[in-house]
Amino acid sequence: MEYVIIGNGVASQSAIKAIRESDQKNRIIVISDESYISYSRPLISYFLGNQVKRKSISHLNEKFYEKNDVELILNNKAVKIDLKAQKVLLEDGKKIHFDKVLIAVGGKPIIPEIKGIQSAGVFNLLKLSDAEGISQYLKEKRVRKAVVIGGGLIGLKTTEALMELGIEVTIIELADRILSASLNKKASNIVEKALKNDNCHLYFNNTVKEIKQKRGRVNEIVLSSDEKILTDLVIISIGVRPNGDLVKDMPIKHKNGIIVNQYMETNVQNIFAAGDCCAAKDLFAEKNRLIAIWPIAVKQGRIAGYNLSSKKTLYPGGFPMNSVELCGIPVMSVGMSDPKNIDCEIFEEFKPNKSIYKKMIIRDNQLKGFILVGDIDRAGIYTGLIRNAINISSIKNKLLKNNFGLLNLPETYRKDLITEKEVSINVY
Amino acid sequence: MNRFKGKDISGCATSGIMDKSGQRFSGRDIIDSIAVMHERSNGLGGGFAAYGIYPDRKNDWCFHLMYDDISSKEKTEERLRDNFKILKSDKIPTREKVHLKYKPLLWRYFLQSKIEKINLHYNFTEEDFLVNLILNINAQIKGAFIFSSGKNMGVFKGVGYPEDIGNFFKLEEYAAYTWTAHGRFPTNTGGWWGGAHPFGLLDWTVIHNGEISSYGINKKFLLNYGYKCSFYTDTEVIVYLFDLLVRKHKLPFNIVANILAAPFWKEMERKQPEEREVLEALRIVYAGALLNGPFSVIVANSENMMGLNDRIKLRPLVASIQGNKLYIASEESAIREICPHPDKTWRPKAGEPVMGKLMEKNG
Amino acid sequence: MAKRPIPTEFIINRDENQCISCQVCVRMCSNDVHSYDSETNEILSDSLKCVGCHFCESICPTHAITIKRSQSEFKMNANWSAGVITNIVKQAETGGVLLTGMGCDKKYPIYWDHILLNASQVTNPSIDPLREPMELRTYIGQKPDKVHLNNKQNKLSLNSRLSPQIKLEIPILFSAMSYGSISFNASKAIANAAIQLGTFCNTGEGGLHKDFYQYGSNTIVQIASGRFGVHKEYLEAGAAIEIKIGQGAKPGIGGHLPGEKVTAEIGRTRMIPSGTDALSPAPHHDIYSIEDLRQLIFALKESIRYKKPIGVKIAAVHNVAAIASGIVRAGADFISIDGLRGGTGAAPTVIRNNVGIPIELAIASVDQHLRVEGIRNQVSLIAAGGIRSSSDVIKAIALGADAVYIATSALVAMGCNLCQRCFTGKCNWGIATQNPYLTKRLNPEIGQRRLVNLINAWSMEIKEMLGGMGINAIESLRGNREHLRGIALSDNDLKILGIKAAGEA
Amino acid sequence: MRKIRIQEEYCMGCRLCEIHCITQHSKNKNIIKTYKGTYSKPLSRVVVEEKGYISFALQCRHCEDAPCLDACITGAMYRDDKTGAILCNEDKCIGCWMCIMVCPFGAISRNLQGGKIVSKCDLCGNEDIPVCVKNCPNEAIVLEGK
């Protein structure tokens, strides 16, 4: 029997581990359009900023594929899945037989319609190759200024990387604040202030309508507000969307993300999906949802792996969460961070001068999400409360106490935790 | 002549022969047998018990007494006259040429107790009456000592090597169906004739090799039942225990072994529930009768002879059988000397009694 | 008005080079001796508050603390010692009776230390307990004078069953310590140890906590003058019942558990309102004479269908022997005699230090008296009060005890250092306290382990000593005073102890 | 697979575990030097939580199904094959604090002295018994498995 895994991101790897737990004999074939064996996507901005060396950009040891005896096909794109013939078609015409397929092709950057976007010096930063491209460009051209389009997580990490390299960065953000997806205004402000201190320019409610070039490479951008900004480099990071190329003309259901059931299986039998390309169970909502974050990719990959090797396992569902440190300020946002529902109780603590902001979002006596900026110690305890849907009516007002700890938790939950009774500690 | 000085401690030689059919035989054998073990005694005591030696007076009590002087003899005889009809009294026949350091006056009395005297005591059996009297005379009359007090049996003992004592008492002239003999090796008494073994009470006799570490509590236990131990000898304790357990408490002779050398609790736990219950009860109730420390004893009465070892066999004891004859001795040599080819010879296990029972009392 | 200061009893020696200001001592001391000065990052200690329990000393990670006796001395005066003076000062301040805990600490002779044991040489071999079986099993209960057997075709069986006995694998029991005077965890540790060791613990007059009914088979339930926690289930739960008449630490007076120690649980167990003082009267108000006692004994025997032994505990007082024989005749199956040095959770100092007689003399005279009366086998004797070691145990047994009770030794095994402040409820070792912050300091599993270790060590030593005497069953030593000799004792002491002087054959 | 069991009911709150943990992870492992020495003390990887008379010492549970392992984007967090302990390779850690975000025990902390790396219980790798367990006077934390 053959397992074919398309993509070699982290979802792919944890699927491999999971399969090998129970099945050491059957073949595993991994197809990747990249030329490297796996590396950690979130690290590429650190790589760009020289904060991480090339060798340590891989999060697993280089023997990984040998150890799990995986047949790795690099630099080759899977273009089609022939269900009848049970074959995966590759760019170069090769056909790979499969019994079961895992689609883990991740996402791809959203490229906006902007005049001059093809000009040299315009990049996006998603893959290692992008990072290498940029580094190369920086070396050749003497880049002093850069514009980052999009103040999302990638945008900001890129910004940080560039600033590390002594480049003056301007961020153009469509929304009224950075990290609009995960933070509210107060939280964003703290980070914005820090960015400004580090001499980074921010434009909100604004976007780029044209990229001008001189001698075949960018030297200026024009904002929708008609302001002009000189720059040597443009990074486009307005977001990522699930990569649906492979399935677009197949009977596989997909609506921003390949739809999978709780076994990570698509509507087509033996075709599974996991990671940033798939929309799976949302712990808080009825309908599936794509949550493009690392831990969920790991989890989904594993669950998919188990089910591939026919060890029936349920995906419990997840919720968004992210943690990052920007300009030395730790920032965390978990679950619903800026809900519109009025039926939520909000507990807040705001100390701008200390760059501290905390926000707890509670609905029907359960913690549904939180934002922590500046002080994130023991944040996981809150995450646990969300994950296990603990009734916190008795401790609401203690949540924001400093040295909030396990002792503040409802006793039964606390005891179950420390005696490691059946509480789910690994659901995202 | 140190009497009542500290507790007697001694190692010893023992030998016993019983003809279960009741056939009587001369004392020659037992003397030869005990003589073999000369090395095991040191001349400070030897003695014999013989059963069936007075057939024509077998229904009369026969007391053997030793007197240090005439006055004690008079006092005692007055006491005897007082309580008994003295049918016959004479000197115990001895061979005077046998050299012995010291020789007390040795007298023999055949008696019948006076019923009215017995009835003076509230529900006393004749035996109770006798035991009471014997203990009193022995305790109270200085210089007098009753060392044999059964029917149709006798104890012969003194200070010297056992073969000399046997010779002295002319034992080859007696015929008995059960003979026991003892050679002493005391470590702390100069040797007093009364202290030699066998120790007798009524027709109980005990010869004993060893030292009983539980002496103190055995003594107190007996005190509880009215036995005053006055001679500081383990042997005395053992005799009283037999008298108490078999004569007074009516326990089967062989069961007494399970009290004096009680099995370990763990062993009892392996027994059948009913037997276990019995054994545990015996040990719980008669805890004070447990003989602890090294010993091998030969106990006899008119119908039985029993050899018994302590519960971890710290002293030697060998037994043989040939035809109707049962031999028990400290050393096998003592048996082979007089019975070269026994049908069977064995080493009894610790605490496991060797029993000889008279088949039919003819004699 | 300022109090007249009492000189400190102890001095806290803190080696500043060793002290790392980790504040463990600060956190642990229930008497607030230590405090942390954040300005100087130093630990300060108030010697005056120190009771000398040595908890801080034992827990200090750098051994920086040493507790020393205070050097402060009054003018030398054999008659007016520092102790005497401070007591007077205290009473002048408070006008109250002086309270104390644990047993008498006065300098009366300790007869154990004047008794020597025997051993075998040549004439009989000593026994090696590692090679030969050594039996310590002991039965507590009334023994008949004789065993009656049926002999049906050489099949022997008991004609009459023995009266109820309790079986001890080692002749050592845990003496009465009530749940209340000691903590739940301490009681639990003791009960579990008793089970593991095949011996018994004693409820004292604290009743039996519902969680402890499972230990009933190894528990002696006590009935004291307060009748706390006594009811049908209680009586039926135990393996034996003990009527407590007196206690060695405070003969002739009742008990007092201060209200602050009476938590809800304890109140429930004792069947009294929590927070109220538990006062047990000096006498049982239904026992004003020996015949009253007999009635109670048989009332109890009836109530449990004669299935379990009933004992009576008395303090060792001057005519203890006569009293004991009275109790035997009143039908008791065992008598516990508690000597002068027996412990307590709280007693008036003056009583504790001046009333009663040492257990060594008491047990000797009781055993002797009962033997002379020929009733010794009708009762088992348990000696209590100041048994400190295996040699004390074996001497007590040779003097005539069937078994011994230990309590203080058990507490020491669990941590106690005899600071004698049990009545304050501030026991740092989590033993004599009900304060939840302190009680959790005694992990019952550790307590049990330590108790079991102690008793196992003692029984090994006892076996060695027995073997040395050429004895392989404890009953052969019981009352066997031939194996004891007295040293540096008066003829009278020797006479009472019923032993010869060392050197006598 | 080693595991540290917490016996909340026996924790006396003495914090000796913290003291010995700090010592164990200090440069010289000598308690006096660690506390009296000039350079700064490391963080304690075991933390005693205390409220009234309830207290317990908590360190990384080294979960079988460890969320921090999944959340770590650098692979710094790994499980030791021998002991089963979850360890952090400090050279790889970049301080994104994902692990802190997902640890339901709050048993991982930021080590701000040592740069942006996490500090967590390592079960005292080379010791045969973790020092917190070894030095707990009341067995409120006990080691299970080997």
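Every chain is named by a letter (A, B, C and D) in the order it is written, and numbering of its residues begins at 1.
Quick note on the criterion: a residue touches a chain if its C-beta (ideal position, glycine included) is under 8 Å from a C-beta of that chain, and two chains touch if they have at least 3 such contacts.
Computed from a prediction, not measured in an experiment: that's the story for all the values here.
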{"item": "Furthest chain, CA centroid comparison against subunit D", "value": "B"}
{"item": "Middle chain, criterion being Cα centroid separation", "value": "C"}
{"item": "Between subunit A and subunit B, centroid-to-centroid distance (C-alpha), Å", "value": "104"}
{"item": "Subunit A-subunit C separation of Cα centroids, rounded to whole Å", "value": "70"}
{"item": "Intercentroid distance (Cα basis), subunit D paired with subunit B, Å", "value": "80"}
{"item": "Subunit B and subunit C, separation of their C-alpha mean positions in angstrom", "value": "47"}
{"item": "Chains touching one another, given as label pairs in label order", "value": "A-D, B-C, C-D"}
{"item": "Interfacial residue positions of subunit A with respect to subunit D in the complex", "value": "14, 40, 42-43, 46, 51-52, 56, 58-60, 294-295, 298-299, 321-325, 330, 332, 334, 376-381, 383-384, 387-388, 405-408, 415, 417-420, 423, 425-426, 428"}
{"item": "For the subunit C and subunit B complex, residues of the former touching the latter", "value": "120, 122-125, 127, 132-133, 135, 137, 139, 143-147, 149, 151, 155-158, 162, 165, 371, 374, 376-377, 469-473, 475-483, 505"}
{"item": "Contact footprint of subunit C on subunit B as seen in their complex", "value": "5-7, 9-11, 187-188, 210-211, 213-217, 220, 223-226, 248-249, 251-252, 255, 262, 264-266, 274-275, 277-278, 281-288, 290, 292-294, 311-312, 314"}
{"item": "Contacting residues of subunit D [partner subunit C, same complex]", "value": "7, 9-16, 19-20, 31-32, 34-36, 52-53, 135, 137-140"}
{"item": "Complex contacts: residues of subunit D adjacent to subunit A", "value": "5-6, 8, 47, 49-51, 54-56, 58, 61, 63, 65-67, 70-75, 91-92, 94-106, 108-110, 116"}
